[in-house]
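You will see two complexes here that share chain A, one where it goes with chain B and one where it goes with chain C.
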Partner chain A sequence: MKESYIRLIQYLLAAVIVVAIAFHLQLFSSLIGPGYIKAQTWEEVASRMDNPFYDGVYAVLLFTVLTHAFIGVRNVLFEFITSRVGRVVTSWTLFIIYVIILLLGIAEIVASAS
Partner chain B sequence: MSKMEVKNIRFVVKRWDPKDGRFFESEYTVPVYRGMTVLDALIYIKENIDKTLAFRGSCRMGVCGTCGIVINGKPRLACETQILHLNTDTVYLEPLHNLPLVKDLIIDHTPFFEKQNKIKPYLIRRDMEEYWNPTREYLQTPEEHLRYMQFTYCLTCALCYAACPTTATNPDFLGPQALMNTYRFIADSRDEGRLERIAIIDNPDGCWGCHLAGACSEVCPKGVDPALAIQLLRREVAKIAFGYVEPVEGAKVAPSLQLTEKRITKGPPEFTVEGAEEKLKEFKIPKTIPVEKSK
Partner chain C sequence: MFAKRERKYKSTPNRLGVKGWYGSLKYNMEKYLYLLHRITGVGLAAFVILHVILMSSRMFGEEAYHQIHGLLMNPYTDIGMVIVTAALLFHGFNGIRLLLHEYGILFVRPKRPVYPYRVSVKSSGVRLFTILMIILAVLFFIPVLYEYIIIWW
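Our next item is the complex of A and B:
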């Protein structure tokens, strides 16, 4: 994959994360105006796991954050690893770890829904 | 302070001995007058105090970019830096960072120019016949020229390269000058090598390696903004990544001399450049040039 695609994906996901954080802060901390009027109970939060819409949102958030983070870690490691072979090995190692964590996370979302 | 008044300033020079490969410091006291530059002081030291001190300098007017050194922690041109403007009693001089040393304050520019050569710092054209046997200049509007004009002021003094924190940690990083020069040619309407150059810089050691520290733009003695060029370069790369590729046909060659003669002899010009005739109509050119009467 071209470097520009990787970087643009990271920038795009960063924007998504910023919007998600702003949305979250607005809902629960009333960042701009009044958010939720009453406090959320644990049961209410847990019950969302049965809602397919929330499962989808959690999966998207997991994908967004993990992808952004792993590209970021790769960029940082590339500062220190300058050899071509080293960079290929680093990229593949990170990709494998990324896929494992992503699958574990999605499995967790699916398990909590059932 | 008048020109004749003299103030003694202490110079501490961080030197490098190529024989045993170690750094050492030498201290000198130089009588400084108003307007005296760091290069003048180095010449004074060389002529009057220590003949072994090695440094480089040439034009003495900020044009050649040879005398770049680190003055009080900041890369500057020695010939453009007035000592009294530093407002200090001690001036600390070092060779430029991120480049191999030759002796004392002299650095080897080879890696710097090698990186510049990587990005093909010349016009790339497809019409090779015209390229090698030019008949006339390529046409370019003032607006097209303005797109890259500031980037042509670069002296290749390597101050930006010495100031860049990414270059300090990653020796394979192309560096601000080479990346800025890439944009300079990509933005040039006469150039047709955009895709070729972007293929060279679209990697972690190219435009994506920049952390946007902005140190390059801060130290440039000519006011060039390499950090801006790198961001504009990223935009160009992003455009191509999104499939937005502008036609790469370069500027056309100016009409031949025969046509110019025709214009003179046979009245209205015959324009070959698309839209040029309409553009010319926008200008209200008087038929006779008014001559100011002498009083």
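Our next item is the complex of A and C:
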């Protein structure tokens, strides 16, 4: 994939994250949500797990944040890995870690929704 | 002559890497914001991985969740979360600034540096917008601090 497309994906994901993360973080403010302590109680966590809206928000957050993070880390690593082989190895290593974390997150969302 | 220069340029790729980020004390504010954007980005990426792994305890039920949650209920985690939230706010607002600037929304698009290398960020209210974004990040941080002060008191 061309680097310019990867950069465009990175920017589009960033725009989505700004909106999605606002829904996630409002839970931890007692001014507009349940607050930091209450939001972490099992009752609140379980009620969010039963709420399809939050399942959707978490699914969007999981995909966008992880993809944005791994593209970002790849960009940073590429600044001091200049050899072609090194870059290919870095990309694939990051991709494998990305897939493992993504699958773990998906399993969590699916398990909590069912 | 130009071909020779071109060959010389190609044979010396940028090998400064991360050290290049700190290259000069003569950096302007935007360059330091760029540096901080990178550092917070790497830190947040590490946090996200840890967060997904720890929060996956939810799928094993209430007991597993309480076990993990109990481990995290200490002042060090709270301090860590304050730092993570500050990093997140900075990264977010600086990211919005970078996006708007890169696509020339609200301001002129950045230009290729040409002699005498006038800094474009000092014109068209770009610097003012940068300061505004920093102020917004600080303002959003106030409710976060308020939340942690409630816990600590």
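Just so it is clear, the second predicted complex is superposed on the first by the 90 of 114 C-alpha atoms of A that agree within 3 Å, B and C clash if a C-alpha of one lies under 4 Å from a C-alpha of the other, contacts with A are read in each partner's own complex, and residues count from 1 in each chain.
Operating definition for what follows: contacts are C-beta pairs under 8 Å (C-beta built on N, C-alpha and C of every residue); 3 or more make two chains touch, one makes a residue touch a chain.
Keep in mind that this is a model prediction, so the values were computed, not measured.
Enquirer: For A:Thr82, is the partner it touches chain B (first), chain C (second), both, or none of the two (neither)?
Expert: After superposing on A, A:Thr82 lies in contact with both chain B and chain C.
Enquirer: Between chain B (first) and chain C (second), which, if any, makes contact with A:Gln40: first, second, both or neither?
Expert: The answer is second: A:Gln40 touches chain C but not chain B.
Enquirer: Chain B or chain C: which reaches more residues on chain A?
Expert: Touching more of chain A: C.
Enquirer: Figure out whether A:Ser4 sits in contact with chain B (first) or chain C (second), or with both, or with neither.
Expert: First partner only, chain B.
Enquirer: Between chain B (first) and chain C (second), which, if any, makes contact with A:Gly56: first, second, both or neither?
Expert: neither
Enquirer: So, A:Val18: does it touch chain B (first), chain C (second), both, or neither?
Expert: After superposing on A, A:Val18 lies in contact with chain C but is clear of chain B.
Enquirer: Jot down the residues of chain A that show up as touching in both complexes, chain B in one and chain C in the other.
Expert: 79-80, 82
Enquirer: With touch defined as at the start, can you tell me which chain A residues reach chain B in the complex?
Expert: Result: residues 2-5, 7-8, 75, 78-80, 82, 87 of chain A touch chain B.
Enquirer: Name, in rising order, each residue of chain C that touches chain A in their complex.
Expert: 13-18, 20, 38, 41-42, 44-45, 48-49, 52-53, 55-56, 58-59, 62, 65-66, 69, 85, 88, 92, 95-96, 99, 102, 143-144, 146-148, 150-151
Enquirer: Once bound in the complex, which stretches of chain A touch chain C?
Expert: Touch list, chain A to chain C: 11, 14-15, 17-18, 21, 25, 28-31, 35-37, 40, 42, 45-46, 49, 62, 65-66, 69-70, 72-73, 76, 79-80, 82, 97, 101, 104-105, 107-108, 111-112.
Enquirer: Would you tell me which residues of chain B are touching chain A in their complex?
Expert: For this pair, the touching residues of chain B are 166, 169-172, 202-206, 208-209, 234, 237-238, 240-242.
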